[in-house]
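In the two complexes that follow, chain A is the common piece, with chain B as its partner first and chain C second.
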Partner chain A sequence: MFSSPTVRTSFIFLAIALVGLLFADIAITASNPWRDLGNFFLGIVTPNFFSSEGLMTALLRTVAFAFVGVALGGVAGFLLALAYRSLPVRMFCAFVRAIHELFWALIFLQFFGFHPLTGVLAIAIPYAGIFAKVYSEILEEADPEPGRALPPGTGIISAFLYTRIPDCWVKMRTYTAYRLECGLRSSAILGFVGLPTLGFYLEASFSQGLYSDAGAMLILFYVLIATMPLWVRPKLLPVYILGAPFFLGEGLPIVWGNVQRFFTEDIVPAPLRNGEGLAGLAPWLNDLMINEAMPGIWNTIVLTQIALVATGIISLLAFPLISNHFGGPIRRNAGHVALVIARSTPEYILAYILLQLWGPSMLPAVVALALHNGGIIGHLIGRQTNTIKLRPDAPNGINRYGWELVPRVYRSFLAFLFYRWEIIMRETAILGILGIYTLGFYVDSAIQNIRFDRAMVLILITALLNIGVDTLGRYIRRKLALKTMPTC
Partner chain B sequence: MSGFAFSGLTASFSGKRVIGPLSLQVNPGEKIALVGKSGAGKSTLIRLMHERVNRESSLIPQELGLVSALSVFHNVYMGQLDKHSTWYNTITLARPFAKDRAEVTTLLQSLGMTEKFWTPTASLSGGQRQRVAIARALYRKASILLADEPVSALDGPMANTVMTLLRDRFSTSIIALHDVDLALDYCTRIVGIQDGQIALDEPSANLVASDIMSLY
Partner chain C sequence: MALNLIRKLVVSSLFCVTAVTASAETFVFTAIPDEDETKLVERFRGVADYLSEQLDVDVRYIPVKSYAAAVSAFRNNQVQLAWFGGLSGVQARRLVPGSEAIAQGVEDEAFETYFIANTTTAIKPTEKLSDLEAPMKGKTFTFGSKGSTSGRLMPEFYVRDTFGTKPEDFFSRVGFSGNHTRTLRLVEAGTYDIGALNFQVWEKELSDGNIDTDAVQVIWKTPAYPDYQWTIRGDVDERFGEGFKQRVTEALLNLDNPELLESFPRSGFIPASNDDYEPIRKTAEEIGILD
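This part shows the complex of A and B:
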């Protein structure tokens, strides 16, 4: 068994995670976590949809920000995809998508303030980088034959419209619709930094102990995502996209002086700003690296590795829930509901809830990341097992699971897991804003202390770390010859 | 118009010479059939000649080169993409003009497939797809035809209809064919290819089927 490279790789990652556990801060620090958890579930089963009109407004804003952000990101991403052969464009896209939506929001908040533009750009910019990459991959897969049969002298635009777009249209539409779902989640969590979306409402309800209000919000969010095929129709899309900008809310006006100050003063490293020159830069950077960057990087990596393995375990446990090879339709439908809930809840919201209930440590983050990502991979793998035809006398139960199914789906399971490695790390860094000592914690503290120069360096480090893990993940997938499709 | 003199045609795949060096004089008004075993280099030769004559030719490649997601009309219209402005082409993609619709309809009528006008070519049968590629070449209205096995997926009567159309609509044509009888019936000159070289070059009037069979 250990002669197989996929198994060896799995055990290496398992060992790294176990060593990481020795250093990780895993604990339940709340005085009465189970009572709080009980109260929370009581809130979910007794949702209060009518406590205030704020809920509906928050829901509307969430949808509006998602539509405007994804539409802008999609258009920009498409244009970038056309130039994706150029190395600077590829590097630019890799860089903007390595920075999480919440970090972009934190940056824009500093100079645009609570203007709708902050939320729109926070979604549009990283999404443009992701769209550019996926669109360019789709365009490259288009059949080259029609292009060769074209009359010589056909204009580039006509050739592109007739031979590339029709061939890629369905794939691009499917991916964009899928991204819109991701955009709804991104939009919801923007509320945690103060934009008027669902996250803001959730945080407000939680801090007042209004669990029934929070429960109502979560249920509405699931319904919103689960019914997307019903209300996101091609014919209605232009209406949504043109209408959405009018529902972003007023926000606060942009103070252009702040914008100018941000770029000319705030983000200039303190020693340069104070006229100490380059000589002062070394100690400043040294202090930043030792006291903030290094602990942040260490905690981010430890938490990422533990969460990655936990995600793998949850995925392998979860996929039988929706697989045709086990149980009856009732159990399978329940499984579908469970996995839809797990993957529709943004990890940030899950982590926030668990952190409120269990107190600060790495545990809520690990559980949140594993549940969300495990729900996504479990769903994809479970669906894949439904296409497998077993011989009529195949074993049942645990033997069917261990001997027939897992070996057949293990490679694609690993492919998805390594694909999500970079996503898990991006999320891990951002969960620092909730008070776990990953990079996001140090970014958030620097911003709280109005030290934007430090925050920018830390965000830059986070981006580089993500690009590094993305490269490593792709290297491992290539080495093990694993193929996958993009997920968010 | 003048004919074409192809000279020094060569092609290699992974270092191995598969065609030529080979020269061929094509006189105006000639209908040339390229015959020979599969793998003899007929398709490569058609491709090489297309690169040389380019603008003035209509091409029917063996892979057809259809855009599966586009309708029959649009695939046929693509034969004249270079004759219209980008704006005209873009509008046609969304809403074709009546003039073009009428012309393509007439063309498809002669090929016996009017009822499939707006069907995406992905859902057509092999023979129907081949006829769309033929219609595209006819719609292009070039004086020279370069075709690679254009009737391989068509039944007897339809193959004859199509060969007649191709003979009448193009003044000069070079067609790769594996069907020896079709070659003798519809072409004025037979060029046999063997191991990348011309092994036979005679007017069809001087040949019978058994003369060509020696190439196979």
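This part shows the complex of A and C:
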């Protein structure tokens, strides 16, 4: 069994996670977590849709920010995809997508303030990096045959438009539509840092224990995402995209002097700003690395590795929920609903909810990351099993699961898992804002103390860590010859 | 169906747009989010109405999600007036030359932090923090917001000063609840053994009957220090007309609507100056929050 490289890799990662558990801070510190969880579910089943006057506006803003952000990110990403062969472009894209939307929002908040541009750019910039990568992969895979059939002297642009685009169009459209769903999630959580989207009200209701209000908001959000096929129609898209900028709200006017100040003063390391020169920089950087960056990196890695394995376990347990090979239609429909909820709820919101209920430790973060990511992978793997035809006399139940299905989907399961490794790490870092001691905690602390120089260095470190994990993930996938499609 | 939905969205959003569009020069203010948001919105909408009436300009309150967001909005001139805590006020005035503390609550001259503990910890209330070294050591502890004066700065100062060590090393777990109301709820529920909060929030919740005194009690009170204040930007006169700062100051000092004052809760507002907050600045520098 251990001769198989996929199995060996799995066990190595399992072992790393188990060792990580020894160092991790896993605890339920709330004295009555189950009562609180009960109250929360009571709130979900008794939703109050009329709590806040701003709720409908918030929902509208959530959609508007998602459309504008994803549209801008898509256009920019497409243009970058055309130049993706150049190394600087690839590095630029890897860098901008390694920084989470919330970090981008926190940066823009410092100089654009509560202007809609803050939210739009926070989505558009990282999305452009992701779009560029995926579009370029899709364009790369286009069949070169039609291009060779063209007469000599055909312009590059015509050739591109008539031979490559038609071949890639469906894939690009599917991916863009999928990204829009991600955009809605990103847009919703931007409210947690003060933009006028759903998260703003969700945070307020939750922190005050108004679970019926929070329940109503979550339900509306699920309905919004589940009904996307109904209201996101190709013919209506131009209307949405042109209309969305008018629904972002006014916010507060931008003062351009602030932008200049941010780049020329705020983010310049304090010793340089105060004229201490390079001699002062070393102790400053040293203090930052030892007291903030190192503990942050350590906790981020430990939490990521545990969450990765937990995600894997949840995925393997969850895929039978929607697989045709088990149970009847009722169970499958219930399974679909469960997985839709798991993957539609952003990790950040899940972690926020669980932290409120169980008290602060790494546990709520691990569970949130595993549920959300496990929901996504479980859904993809489950769908894949539906294309598998078993012999009529194939075993049933646990034997069918263990001997027939898991071995058949295991490689693509691993592929998805390693693809999501970097995504899990990006989320892990950001969950620090909620009070878990990952890198985001130190970034948030620096911002709370109005020390943007420190915050920027820490964000930079977070980005580099992400790029590192992304590279490692790709290396492992290549080594094991795993192929996957992108997920967000 | 989708078209119908769009039509509804368009109509409803038109309402929102018209509702927000105000005259060119709106006087905007904010406040640090130190308590439950509903309470803040209710309180500061009242203040906005009052100021609008007194000053004869449009006044708008915007809620923010963090202390730093309040400071940044003030620094970026997106708000011109703010209800800051001691520390956030010091941070803001350092960043905006010419800005001034113009009024504080009567109670803010001598503000206090209460250390509270869940009764299951069996920690006895005391006059001297040093008595609590043994009972508090190794317990779990929560501050309020990272940028709070009464919920973070002063309690951290006294912990370091009395026990000679960082809070992270003294307690087994240190958290930041986010605001004072949440600190109270978390200690009451036993999620944390001990917490530190703004004494006014405690007193108000106590008199409103919102505290289970069998579950949580005050174990120590800090010495008095200056806290909350209204801070205004130095350039408001240029923008809103000569003497505007003076008029805002007078309007705040004359605020005598009992309901509005009760919501703060303050018995009234008195003049303040930047120098009043020197002790806060020194403390913040001492524990390394301020450069």
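In this text, the second predicted complex is superposed on the first by the 488 of 488 C-alpha atoms of A that agree within 3 Å, B and C clash if a C-alpha of one lies under 4 Å from a C-alpha of the other, contacts with A are read in each partner's own complex, and residues count from 1 in each chain.
Simple rule for what comes next: a contact is a pair of C-beta atoms (placed from the backbone, for glycine too) under 8 Å apart; a residue touches a chain by one contact, two chains touch by 3 or more.
Worth saying up front: this structure is predicted, and the values here are computed from it rather than measured.
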| item | value |
| --- | --- |
| Partner chain(s) touched by A:S86 [first = chain B, second = chain C, both, neither] | neither |
| Partner chain in contact with A:N333 - chain B first, chain C second, else both or neither | neither |
| Which of chain B and chain C A:V170 touches, first, second, both or neither | first |
| Which superposed partner A:Q260 touches (first chain B, second chain C, both, neither) | neither |
| More chain A residues in contact [chain B versus chain C] | C |
| Overlap of the chain B and chain C footprints on chain A, listed as residue numbers | none |
| Of all residues in chain C, those that touch chain A in their complex | 1-3, 5-6, 9-10, 12-13, 16-17, 20-21, 28, 36-38, 62, 64-69, 71-73, 75-79, 91, 95, 140, 145-147, 173, 175-176, 178-179, 181-182, 185-186, 189-192, 289-291 |
| Sites on chain A touched by chain B in the complex | 143, 145-155, 157-159, 161-163, 166-167, 169-170 |
| Residues of chain B touching chain A in the complex | 54-55, 59, 61, 63-70, 74, 78-86, 89-90, 93, 133, 136, 140 |
| Touch list for chain A against partner chain C, complex | 29-32, 36, 56-57, 60, 109-111, 113-114, 192-194, 200, 203-204, 207-209, 230-231, 233, 236, 239, 243, 246-247, 249-250, 252-253, 255, 258, 270, 359-360, 435, 444-445, 447-451 |
